[in-house]
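I have a structure here, written as structure tokens, and I will follow up with some questions on it.
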Amino acid sequence: MAADTSVWPDLSGRLIEDDSGRRHVLPVRIYFEDTDFSGLVYHASYVRFCERGRSDFLRLHGNDHRALIDGAGGREPAAFVVRRMTLEFLKPARIDEVLEVTTRVREMTAATLVLEQVVTRGPDRLFEAVVTVVLVSQAGKVLRIAEGLRRVLGGKG
Amino acid sequence: MAADTSVWPDLSGRLIEDDSGRRHVLPVRIYFEDTDFSGLVYHASYVRFCERGRSDFLRLHGNDHRALIDGAGGREPAAFVVRRMTLEFLKPARIDEVLEVTTRVREMTAATLVLEQVVTRGPDRLFEAVVTVVLVSQAGKVLRIAEGLRRVLGGKG
Amino acid sequence: MAADTSVWPDLSGRLIEDDSGRRHVLPVRIYFEDTDFSGLVYHASYVRFCERGRSDFLRLHGNDHRALIDGAGGREPAAFVVRRMTLEFLKPARIDEVLEVTTRVREMTAATLVLEQVVTRGPDRLFEAVVTVVLVSQAGKVLRIAEGLRRVLGGKG
Amino acid sequence: MAADTSVWPDLSGRLIEDDSGRRHVLPVRIYFEDTDFSGLVYHASYVRFCERGRSDFLRLHGNDHRALIDGAGGREPAAFVVRRMTLEFLKPARIDEVLEVTTRVREMTAATLVLEQVVTRGPDRLFEAVVTVVLVSQAGKVLRIAEGLRRVLGGKG
């Protein structure tokens, strides 16, 4: 997929590291599909936006879903699965707007990754989530997150 | 799943056979998720409603997706896949309304099933679709539709 | 919509009141649209299922979204809006399964309604949510929940 | 929103004009939400992708949905509405892939716009659609498409 990166360089958002820490930022455009009859963005759309943010956060750290589930690198086939979410809906968003999903690692244990995700529109915070994910094998067993991936996610890559 | 049928008898809609022919009718409630900021039902929602109709149409004829994909009855694992759709959007629908998706067989060949699907609200036709589906093996090969299923779908069961 | 109720009596689920308290139960069938490539139900689908449950819970208490937003009964046009959700994903669900969404009032203040929602498959708890909703006017102002509705929701109707 | 364009220059895709004509190209990443339990992209997802393509095609021609529905420029509040779609599903797509939605004007009359949309993955054509849209006022009346917009869409801007 090297070609796609050169044609659409920002498609997976960007990893940023500066004074406010290491984070991933993904832009999200609001389309018809994301809104509801109230005229605003449908509340479950933010859950989808966060999943896009987590997917591209992992992708830019060298892991895509297909590689995980195919068991690339001799590892057991696996997928990251959401275990817990706490969601705060702060302000509404509307059609045509451009939002940004920012994803950071809050906490990591051998098997668990806790992420903080914020959706903003310019200076406004619209939505906040704390998301606990675990790596689960196809048989449903919780797996240790590989040392290499943990180091990279922890910003020590 | 026999229990569910007794608790929620209409959950998969109903097969009807009378003077206007053999058909399947599934009620669909319009929720927030189905609408968009225009205040009306989002156009792609009708495509989802039709898929629900086709799934329950097959289910009431004795076939669910899991049985097909697990290769039940000694058959090759397979799934019905949409090849072609023609969609007409006639009138809008709104939140809280109850629509009905009616599905009929228009045409059947050894490998192809052409269905007519109409979405109505009381006497009003809101949406019409003609949908061509084929049965495809997990390797991607088009399969013959089993004689028994064809007989049943054709109303000769 | 009286006609629809007689044709599809269970379409909005059922209000139940017995030893384990007053609650609303809505059956949900798992279709293609609810699953993802992992073979399981997509995590954000549960958020949609809960919204269906809340909508029908309110409907069976005499309030639909259109009446609220049209300002029926001389009230200011308004809509229930989600402010906070805590979600626990306990066990996976799969295509063709029948789940039940159970909704209860946990807490009510003048302007806030806290609901408990559980998704089950037979005896198994798959998903739990605690959802805080507020009634918001079209101008974005938080409104008091009308005394009548509060009494009904509180089981004193 | 000028700022967003400078930060994420490709977010709305690109207008291209060369030997194979004038067209709009939008990249689409496949996320969990777009797939179903078959392991492939859910068929209705292509309908959503096409709507994103049409929205950004109009946006890069100077029209967004909010301007239309707010009646900007002294025009009657309006929205483009889909009247007819013909869809061909040619090849499947999978999680993590990058597709491109290409949109062209096939035909224009005073009130109707017929668009051709193709979804590709590198050299492979996965999906084709012919989509008829009309401009409809909030009262539901079909409107003439403004001369300026017609000229621009027709590539004579």
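So that you can tell them apart, the chains are marked A, B, C and D in the order they are listed, and the count of residues begins at 1 in each.
FYI, contacts are C-beta pairs under 8 Å (C-beta built on N, C-alpha and C of every residue); 3 or more make two chains touch, one makes a residue touch a chain.
All of these numbers come straight from a predicted model, not from anything done at the bench.
Farthest from chain B in terms of Cα centroid separation is A. Interface comparison, C-D versus B-C: the higher number of contacting C-beta pairs is recorded for B-C.
Mean C-alpha positions place chain C and chain D at a centre distance of 34 Å.
If you average the CA atoms of chain B and of chain C, the two centres end up 26 Å from each other. In chain D, the positions touching at least two other chains are 32-33, 37-38, 44, 48, 51, 65, 94-95. In the complex of the two chains, the chain B residues touching chain A come out as 32-33, 35-40, 42, 44, 94-95. By the touch rule above, chain B contacts chain C in their complex via residues 1, 3-4, 7-12, 27, 29, 31-33, 48, 51-52, 55-56, 59, 64-66, 94-98, 122. Residues of chain B touching chain D in their complex: 37-38, 43-44, 47-48, 51, 65, 69, 79, 81-89, 92, 140.
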